[in-house]
Structure formats: C-alpha cells, structure tokens
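Encoded as structure tokens, here's the structure I'll be asking about.
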Amino acid sequence: MTQPSEPIAELIDISKQFGTTQALRGVDLALYPGEIHALVGENGAGKSTLVKLLGGIHRPDTGIIRINGTETELHSPAQSQHLGIAVIHQEPTLFPDLNVAENVFMGRHPRDRFGRVDWKQMYQEVERLLASLDVHLSVYAPVRGLPVADQQLVEIAKALSLDARILIMDEPTAALSPHEVEKLFTITKQLRQRGVAILFVSHRLEEIAELADKLTIMRDGVRVITAPASELTSEEIIRHMVGRELTSLFPKGEAQIGEIVLEVRHLTRKGVFRDVSFQLRHGEILGFSGLVGAGRTEVARVLFGIDRADEGEILIDNQPVRISSPKAAMRHGLAYVPEDRRQQGLVMDFTIAANMTLPIVRQVSKIGGVDRQREHSIATNYSQQLRIRSTGIQQLVKALSGGNQQKVVLAKWLITNPSILILDEPTRGIDIGAKAEVHRIISELAAKGLAIILISSELPEVLAMSDRVLVMHEGHVTGIFERDEADQERVMFAATGQTNREK
Amino acid sequence: MIKERAKALVNSWDAFLVVLLLLAIVYGSFRSPYFLTAFNFSALTRDLMEKAIMALPMTLIIIAGEIDLSVASVLGLTSVLLGVLWNAGIPLWLCIVIALLVGAIAGLLNGLLVTRLGLPSLVVTLGTLALYRGLAYVIIGDQAVSSFPADFTSFGFGSVPGTLIPWPFVVFVILALLFLALLHRSWVGRQIYAIGNNQEAARFAGIHVARIKLLLFVLSGLLAALAGIVFTSRFASARPDNALGFELDVVTIVLLGGVNIFGGRGTLIGVILSLFIIGALRNALGLTNISGDIQNIVVGILLIFSVLGPNVVQRIREALARRQMVAGGSPKKV
Amino acid sequence: GGGSTGGSSSGGNNSGGTGGGQPLNITFLPKAINNPYFDSAASGGKSAAGELKGTFKQVGPSSASASEQVTWITNLTQQHVSAIVVSANDPNALAPALKQAMSQGVKVVSYDSDVAPDARQVFVNQANAEDIGRTEVQILGKQINYTGQIAILSAASTATNQNTWIKYMQDELSKPQYKGMSLVKTVYGNDDDQTSFNDTLSLLQAYPNLKGIISPTTVGIAAAARAIESVNKGGKVALTGLGTPNQMRKYVKDGTVQQFALWDPGKLGYLAYYAAAALVQGKITGKEGDSFDAGTLGKKTIGANGAILLGPPTIFSKDNIDQFNF
Amino acid sequence: MTTTSKGLEKAPIPPRSSQSRLVGSVSRIRELGLFIVLILIVAIVSIQVPRFLSPSNIEQILLSIAILAIVAVGETLVVLTRNVDLSVGSMVGLTAFFVANLFKQQPGTNLVLAILLGCAVGLVLGAINGLIVTVGRVPAIIVTLGTLYVYRGLDFVIAGGSQVSASDVPDSFLNLATARIGLFGVGVPALIIFAAAIALIFAYLLHSTRSGRQLYAIGSNPEAARLVGIRSDLLVFGTFMLSGLLCGFAGVLWGARFATVDATAATGLELQVVAAVVVGGVNIFGGSGTIIGAMLGAIVLGTIDDALNLLKLSQFWLQAIDGAAILVAVTLDSFITRWLQRTLVVRRQR
C-alpha cells in the first residue's frame, strides 16, 4: 500500500467533555484517500464521539479539524455533508414513517426540470443502489417495522448514495448477517479503490483484519496507538484496548446439564415461523443461528409472551403453559434480553438503578412505596458485577455508551433471577472486553443451572458458547446440532436452507 | 443523599413554581386589600376544587403519554345524572354511587378504546368529549334540576364547622395525598413513568401497559364524576352545560405544572403548585375587576413564559459559558 | 326553607340599611360581557349612575357560564360593593353565592334573566313573558297567512327566559286560528353566531317547506337572517323574534325580515341601576307595593314576587327602524 | 444537484412487483379506509333520505366545512412536523373581527386590501407562534395553548362589547361567501372553490417539493432530520406561518359568511379542526398523513352532521351521536385499514 501524501481529513489535539465525562482527550487522527482506517476501543472509549465530531453533530472543546488541508469548523451535519463527509451512525437515524427510498434521499430528492420531486427516478436510483448491495428490500416499504438489520442496510445505502469523499461507518456490521457483511466489504473495498477515505468503527477483530489498512486504538478518550493494521496481532490489539491480557474470549465452562425445563412443540405463528420444536435443559446453552430475518427473534417474542402463537405448545417443567404476557413469562421463570436495546430494553430518561429494577419494581416495594435502599444495593451490586462504566447508579442511561447500556439491560434481567434466559444478540455492539465478560457471565449462569437460549448472528460466538445449535431458515428449523457436530460449514449450510439432512 | 436531593430541588421546576406562587401572592396582596384574607383564600380554593380533582388523574395520564379530553364532559354527564336520578326519587347516596359508577364506566370506555383498539387517546377522548356531553343533553333535555337537599348543597358551599376550610378542599387534600403516594412512592408510579418514557421497553419489562393505562382512564372518569358531584353540590344545579370547556383549563394547569405533554416527565407537586398559581392570579385580577379575557391573556403568557423563560436563561448561560471558557458544557439541547 | 331564608336576609337588610347617603358602588354582572345587548344595558346603567352620582362597573364571564358568574359574585362580595345587578345564567346555581352576598349586606337586583326569588331583592323584568311569547307567534302567523311549518331557534336549551317564552308560544299555537301552522322543531344555537347560523341552514335543509322561524334571541335572529339570505330564501322563509335594530337593519331593509321586537335594553339597564340604588339607599326593601323614582322612566312600583316591569317591547319594521340606534 | 450512486457498479434494476408497491401505499390505504367509511354513511343515509345525495345537499355539506377545511390544511402542515396549533380558533376569530371592524371603521376600504390585511394579521400571529416554538424551544402545544388564550383575549380587548353587523360591511365583502363561480357550466360557491384550491395546492406542494417531504421527515424523527441536514427550525417556523396565513384568510371568509362578528367568533374551532385532521388519518404525533386525508376527515364529520339533521333527530341527540360517530369512524377506519393491510400485504417482501 502506497502512502498518499496529503490527509483529506485531519483531527488535531481534539478534546471533548460532556458534563463531567471527558469523552476525548487530545486525540489526533488523519484520514487519507484510498485508505481504510479502523477505529477500535472498548465501550465508552470515545469512538462515536469522534465520529460525531466529523459528522458535525458535536463541536470539539479544543483542537483543530482540517478538511482538505484547510482548517474548518464543522458546525452542522448539513455542512459536514456538503464537505463530502458521509456518516453511518451507530444507532440508525431513520424516518420510520417514510419508505426506504425516501429515507435514502431525504433532503436530496432528485428533481425534474420543474423542480418537482422526481419520484420515479428516486425509486430507480434506490433500487439500483440496493441491488448493488445485493439487498432484497422493497424500496416502497416503510422503515417502521423493518428489523434492525434492514434498517442498518438502509443507513448504508444512504451513506453510499452521498457519493462522499470521506465515508465514516460506526459499527455498520453490528446487525448484519455474514452475507451482507461480505457485500458491504466488497463495496467498501471498491470505494477504497476509487480513493475514498474510510473510517471504520468495529468491535469485530476479524473484520478489521480483513479490511483495515491502518488502525487506531482508543482507550478512555485517549488515542493509544495508530499503526498499519498488518503490524498488530489480535492479541496486541486486545491488550491495547483493554489495557490488560484477556484470558479467553469464549470461556465456555463445563455445566451440569439437567432436566428438561422448556419444551416447545410445533410452535407456529402464521407468516412468521412454522413448526418450531426444541427442548432446553437446565444448565444448557442452546444457540440460535440463522441469517437475518430467519425468525429467531419472533420465536423469542412468542416465548416471552409479547406475540401470540397460532399453533403449538409450550411446556415448562413438563407442564403445558399459556404465556399471554411478558409478566406471565416472568412468572414462569423466563427472562428476555431484547435485540434492540434503545427501543425495547431501556427507559432512556431513567437512572441505571431504576432501569435495572424495572421488572421487579413491585417486589422491591414495601407498603410505603419503592424501597430505595434495597433498590440502591441491588443496582450497585450488579453494576459492579458487570463492571458498568458510569458516574454512579443514579446516572441516566441515555448518557452511557452503547456497550454499557447493553450491560444495564443484561443486569436488569439477571436481577429477576430467571431459570430460562433468552439472550437476543447480547453482545451486539459490545466491545471485546465487555463481550468476554458477558460470555463469562453466560457460562457462569449456565453452570448455576440456568437454561439459556443464545440468539446470535455471530457464528463464532454461537459455535463457541453453545451446547447445541438450532438453525433457522425462513421461519423453519433447518437443523439442530450437538456441540461436537456443529461447525461453521454445517450451520451455514442449514442457515441458507440447503436441505435439512442433519435432522 | 439528602444534600443531593436538596440541590436537585433548588434547581427543579417545582422550586421555580414555588417562587412563582409567592410572586402571585405578593402581587395579589399589593393589588387588592381583600386578597390576603382568610375568607378570600377560602373562596379562591373552593373555586378551584373541581379542576383540582380532575387534574390529579390527568397528571398521571399525561405522564403515561396519553391524554383525557373528556373529563369536563364526564363531569357534566354525571352532574345531570345525579339531578335526574334525584328527581326520580332515588335516595341521594344511591344517586351518588350511580354517578360515580357511570363516571368510571365512561373512563373505562375511553380506556378500552385506547388500549384494546390502539386508537390515539387524543382522538378517542375528543370523540367522547362530544359523546358524553351529548348524553348529558339527551338525559336532561331542556330541564335543569336544582331541588337538591340542603345537606347536599351545603357540602359544596359549606366549610368545615368553625373554620373557613371548604369541604371540597378536604376531599382534594385526601385525594392529593393518595395520588402523591401513588405516583412518587409506589411501583405503579414508577411503571407509569416508564410507560410514558418508552412504552415498548416497559412492555418488555413485564409491565402491563394496557392494564395500567386502563386503570388511569377509569380513575380519571371516576374522579371526573366526583368533581361532578362537588360541582353539582356547589351550584345546587344539574345542567348539561356544567363545566363546559374545563378540559382546557385542566390541561393548562397540568402543563404549567411542568408535566411533559409527550409523557414521561413531571411531578404532581408541580401540578398542585400550578393550580394555586393560576387560582391566586385569577383571583387577584378578579378582585380588581379585571375581566376574564385579560385574565386569560395573563394565564396564556404565563404558560408560555414559564417554559420560555428558563429556556432563554439556559441558552444565555450556555452561550456565556462557551465564550468564556473553551472547555464548556455540552451544547446539546434538551 | 326558602321563605325563612328570604326573611332572614331581609332582616339583615334592615339592620344594615342606614338610609340615604350610602355611596352607590353598583356593579352589573351580565350573562356574558362583550355582548352588544348587555353593552346597551350597561350604557343605560352608566347614564343612571351619572344622574345619581354613583359608580358603575360591569364585570362577568366572557361566555355565558353560571360557574364563572359565581366566581364573580364572591369577588364582588369581598369588595363589599353596595349592589350587584345580575342577569343569571342559571337561576339556582347563583343562589347560594348571592344569598351569601346579601347576608354580608350587598343588595342584589336581577335583570333580564331572573334568579331564584329568595336570592335577590328585586327583579327588573324587561317585558311580560306571556306577552313576548304570544306576540311573536301573532307576528309570524300574520306574515305566513297562518299556514305552514315553523321552527324555533332558541339560545341555550337551559335558558329560563327562552323556555318560558317558548312555552307561551306553544300555548298560543294551540289556539284554533293557528291550526294551519305546525311547529316542527326547536333548535338551540347557544347564542353563538356560527351554531345559530348552521342550525338555521340545517332547518332549511331538513324542512324544505319551512315557512317561518321565530328566534327569540338577539344572536339567533341575526345569524338566522344571514343564513336565510345566504341561501337566497329571503322573503320565502319568514323570520321574526327578538333582535337589536342595529344588527337587523340590513335584513329589514332588504326584506329578509319584516318585523321583530325588542325592548330598549338601555332602559332596562337604566331601570335596574335605579332599583339597585333605591335598595342601597334604603328607599325600598323589595316588598310588593314599594315604589321609587326611576329618573326619566318616572315612578316605578314593585309588583308580585319582587318584580318591576319595564314596559311593553317595541316592534321594529322598515318604517321605524331608523329611529333607533342600539 | 441530484445525487446519484453513479460511481457504484451498475446493477440491473430488479423487476418491480406490484405487491411491493402496495406495501408502499400504506398511506393511501389510510385514506381508502376513511373513504369506505364515508361511502357507508352515504349509502345508509341516502336509503332513508334520498335527498341526501342531491346536489344542493352536497353543496350544503361542502359549504358547511369549507372554512374549517382551509384551517385544517394549515393544521395538517403543523401536525405533520410533530407540532400542533391550538390557537387556530383564536386566530380566525381575531382576523374575522379585525377585517369586519375595518369595514365598519373605514367604510370605504378596498376589498382586496382588506383581504390582504386579514391574511397579514394571520401571518403575524402565526409567525409569533412559530418564533416561540423554534427560537424559544417551547413545545408547540404549550405555545399555542397559551396563544389560544392570548389571541382570544386580544380579540376581546379590541372588540370590547362591540359587534359588527351585516349592515356595517359592504355587500361586496358579504358576497365573498355567497358568490358563485362558474365551473364546467355549473355555478359553484366561491367558498368551496377557495377551500378546494387551497387543499389541492398544498397537497401538491407536500407531495412534490423537497420542503414538503422534509416536513414528513421532521415529524417522523426530528433528531434524524437534523442529522441529514434538514433546516427543521426554518421549516417548522414556515408551517406555523402558513397556518396563521390560512387562518387569516379563513377569518376573512368567516366574517363574510356569518356577517355578524363579535369577539367570540370561531371559539372552539380548534377542537373541530383537530378532530377533522386526526379523523382524516394524520398522525397526531407527526410524520404521516396527507392533506387529502384531512379533507376527507372534514367531509366525513360534515356529512355525519348533515345526515343527523336530515334524519330529523332531536337536537339533544345531535352532539351525542356526533361524538359516537367520530368514535365509530375512527374505529371502523382502523379496522378497515388493518384488514386492507393484512389482505393486500400478506407478508412483507424480502
């Protein structure tokens, strides 16, 4: 790789403070045309803050931003866009009421010669764009109700449509299936070829290895190191990120597998999934694998009483049960960590403590009302256990970084002391240190006899953590594999629906 | 802990409202020699009680992210019902029970339409605003009942013996304490805030969102009926147009109290303060014969400035901070 | 209980009444302020105040509401005005507050629309209710040759005076000479222009053969006239009722309306002020047979139930309307 | 300035399926549901009263909602951006009195000038709302609830107890409301044409201009709107100005139609307008809905009122049935919409 002479974007000695949190401290970063620059770091390291500075959303307290060699103040997203910077933010920022095409072209609708919005051209453009991403998504579909993954794809399409000289992607792959990730990478590489400068934030080291030319590692708002990606090994990256050696990413321990606790027979929800049957035992981790949209979340929602099944039976401890609401599910010992933490997991205006105790707020109440002392001690306890990085349990969760927010959701459900725990993408958007911790916690829970369903789109995670792996494809179960027979190839085979010979 | 809370209070909306209330009282006593009298406070308070009673559940409903515009119509409907039943020779206590029941049913209908059919509460209660008021007209036609027994009417117009404390105020105080406990101490209150903030997350946390909302609407209907009884008693008159348009006043009181119209934020203390701010102001203006329209202008401006003022101060402070030291606070607006 | 309450309150009057020389601090409390009819009455009250060297004030709700009137009554009571002159939105709802006022020595006169008799000392009655009701039907009958469908456009369905007039109208209609006329519907415009206007249009739509409308309210008759005109039914549908000459001038001149009636509200206010002043000065107590000097209106005597009658209403038509300006 | 994805590898345009298009027309399905409700009402009532469908009655229905419809257009714009304008009734009342009083005080005033002045007054009032909302960062519902009181109060202050009567204004002014304009050989009341023209113009602008589309974006996700560089404040300010402007024009027409104007004119109009808008399927929380829907909403409500009248119900029943009808209409509409969605769009296409 030849080093271009001039950086197209340059951040020099940038600092940024939120209230008492020092999010960035004297950070330098330079982006070069035709170079993919990866940005990694633990949750709350300041990656998204950096991205938002370039996107014109936040302004630095001190420091200089240079675009094309001229010092610039990025004071609005519009201006940033105007300078050729396209940003895919960590959380989708879409218009749920509008359709896919309008989301892509909002504010930049193609116009005909009378200045009217040219709808036909817009739809064609977006269809072409999606086709180039190999995404099968109706351009007329309203974004509301699209799974997170599809929303992420719309975000990507939006950024690509800008035809920018600087493309910034904040964890674009967190919600994507391997196939879509691959497609995105192909396009990213094409863009690199054409001289676009790319900043890429991710927690997945294998992606970085595949994609990145250069790597910047951040910790606690400080840049630790910038180096050509080829010069750092995974172990070194992790050490720089976490500041210590990480023993194991997938610490799957031995657990005593016990009685059947949950049995699902021929569960069907019309139009979503059909004839799903499986058993789950105490101490067992059952992985749910499949491509995005395979219907795993839908099964979990039915199990947790959010949606109704049309047919089929659910047995808990060999007793048929009717789960009509999440409350009922909780009574049966179920807990569900949803995949979309912002929408489903957290009350943003609540404190960490209030979020954690929300499902059990009734239990921590006395005659006089909510027992604040008990609440405080419970929350403090779990906050420490999960190593949540905050100013205290009275901090509002909206001020936490994505990863720490996810830990709060996890804590919230562990507090209910469930016997069956459903985890839907529990490590999505979580940094590698936290991820290892979550994995460790999962293992420990299983060792304590908890039955766990682990829904994950990350194949290595499912394979490493599960005792058995259930694979779904378009609403059908296409395979259930024992730990020793589950390998990447077999699971992918089933996930893409190519015969179910392993049944 | 305590220090923290005290600090939070000083910065809070409620503190602002306390200051506002004090200002209103000072203003009133300057405006009119009749303002700072026990008799006047008694009259001022009595005048507010129907709205005050309705404002309690309205606060909870708005915090839960919904709204009930039908309260004044429920008041009218139950008032008329009370009159018609009483005229038909039914014992008064039974009339009252039936009126309360009908109020609760009216609230239940609102709640069912909102929770079961998923219709926006604004639309539903806009419909029942007309429906319930219309039913009042259907029931009583061009009649009006005023032949209530003296015992009953003296409840609305009388005071606790030996004092100037109006009976309805006693009712309100008891209710207010109950609601304060419910919203700010109990788990139900916590769940109400959660629903208002993020309904889906609340559902995923095992909260019976629909059930709680239903409860709130029933409560609102029930208390509107109670307000109807107080109203009927105070004016000794059951008419279909009783309390016409009160819903707007109740909503105004709740909003001035700092409750976020989009749900999730606000306190009952604020609402109670705002109730008395508006009451004291109107009374002070009224004592100097300033007409209702001008009073409305004052209330309108107060409503706007109560939010605008702090915003402007905040922005000026931020701008100054940014200019003075480069490492200022977050420019992100709330 | 009514009689005894009345007795005790008049006893209060006697003990408090110190005869002439009392300052005249008299406040009018109409059904709603900013209403031209009551504004005319207020100007009458004002001129009376000028003659008697008293003060005149008018306060009240901006839309006709009994509960707001009660608030004003308590306000005025605390200011210790010498008299309240009130037109009641509800005869009973105002009673407790007015009684309280009387018990504190405030004199109460009702005008235009009465309150419960024990809650005031005198009622200044603009016109005999029976006369009004019957006259309206007579005027309309003549205009439509005593045949065809007619309707009534009233104010609020609970307005006491309206309902009394309507009762007499119905009674008059039951007489044999009106057998060719039928009252098809009574609608209520709530003294709101838009509602009254739309109500009239609805009547015309629902009853295409409608021959006449009686609207015994000043807001209603003006809105009805405009509505009839707007669908070009002027002259085809007869309209009469109670209205002010200023509002109706255009419609009388262009033939939409031939005749309508009203007393002079200015005189009503004038008389009400004089009655209140007489009470304050202890010249009268409100008993039947008491009499007092009412300025340009001469000597007035209190009749049964404490009522003072203003006199017969004026009937306005093309020929005389330009002589009036109110 | 149209940006394209020209740089990317040219991929063939995938074939369009009609099914996927239907998914996109959810917004159209909303109006379809309401339309069916309307047809149902018309069908049921015209069996009872054949006169219901006569041209004169249809004209009467449209006339009865024309002014409301003009105000509802402005309200729709505001509501789409996740705001609300509760001060419309007061703005209409204030301008109505202002313009009528202008004729009373200065009898010779030019009609066009008066109309323009009325619109200007509305524009100023709307701009005040808009300024406080956008610059002052006060929620619209608080601002306009406040100005609902303030503008009405001003109206009272200006009017005192006075009233403008038909004889105080020139006939040319009154003719605004009664005139007919020849259209396809039929005389159509000018009021209806005004309302229809305004509705069509704004429907077009909303559908076919970038700013129009951006209103939806703002209402759908204000934060995201900021992120894609939409000048939200300017646009929101604009919608309040337009709402004020349309109220100003509606106020002029109000004066012309009712002829008698005092300080209470158009009191409570805001609730009717909001009812029409939300029954018309405009999401009260912004982001979705159309002008056509709002117009349908107004027509449905007007039709219900008219039907009840023709069925000769006692007036005491009117309000109750009116309220029930709103509930039935929105309930039916929600069922029909859901049913249509389910049958037409069995499953989202992937």
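Each chain gets a letter, A, B, C and D, in the order it is written, and its residues are counted from 1.
The rule is short, and it goes like this: a contact is a pair of C-beta atoms (placed from the backbone, for glycine too) under 8 Å apart; a residue touches a chain by one contact, two chains touch by 3 or more.
Since the model is a prediction, treat every value here as computed from it, not as a measurement.
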Chain located farthest away, centre of subunit B as origin (C-alpha): A
Of A-B and A-D, pair with higher C-beta contact tally: A-D
Centre distance in Å when subunit A and subunit B are each reduced to the mean of their C-alpha atoms: 43
Whole-Å gap separating subunit B and subunit D, where each centre is the average of the chain's CA atoms: 30
Distance between the centres, which are taken as Cα means, of subunit D and subunit C, whole angstrom: 38
Subunit B: positions in contact with at least two other chains: 137, 141-142, 245, 291, 293, 296
Contacts with two or more other chains, residues of subunit C listed in rising order: 33-34, 62-63, 157, 188
Touching chain combinations (by label order): A-B, A-D, B-C, B-D, C-D
Residue ranges of subunit B in contact with subunit D within the complex: 113, 117-120, 122-124, 126-135, 137-138, 141-142, 245, 248, 251-252, 255, 260-262, 291, 293-294, 296-297, 299-304, 307-308, 311-312, 315, 333
Contact set on subunit B toward subunit C in their complex: 32, 34, 37, 39-40, 43, 47, 137, 141-144, 146, 150, 153, 157, 231, 234-237, 239-245, 283, 286-287, 289, 291-293, 296
Residue numbers on subunit C that touch subunit B, as the complex places them: 1, 27, 33-34, 57, 59-63, 65-68, 70-72, 74-75, 78-79, 90-97, 100, 116, 156-158, 163, 188
Complex contact set, residues of subunit D against subunit B: 132, 136-139, 141-143, 145-150, 152-157, 263, 268, 271, 274-275, 278-279, 284-285, 316-324, 326-327, 330-331, 334
Interfacial residue positions of subunit D with respect to subunit C in the complex: 51, 57, 60, 64, 156, 159-163, 165-167, 177-178, 257-267, 305-306, 309-310, 312, 315-316
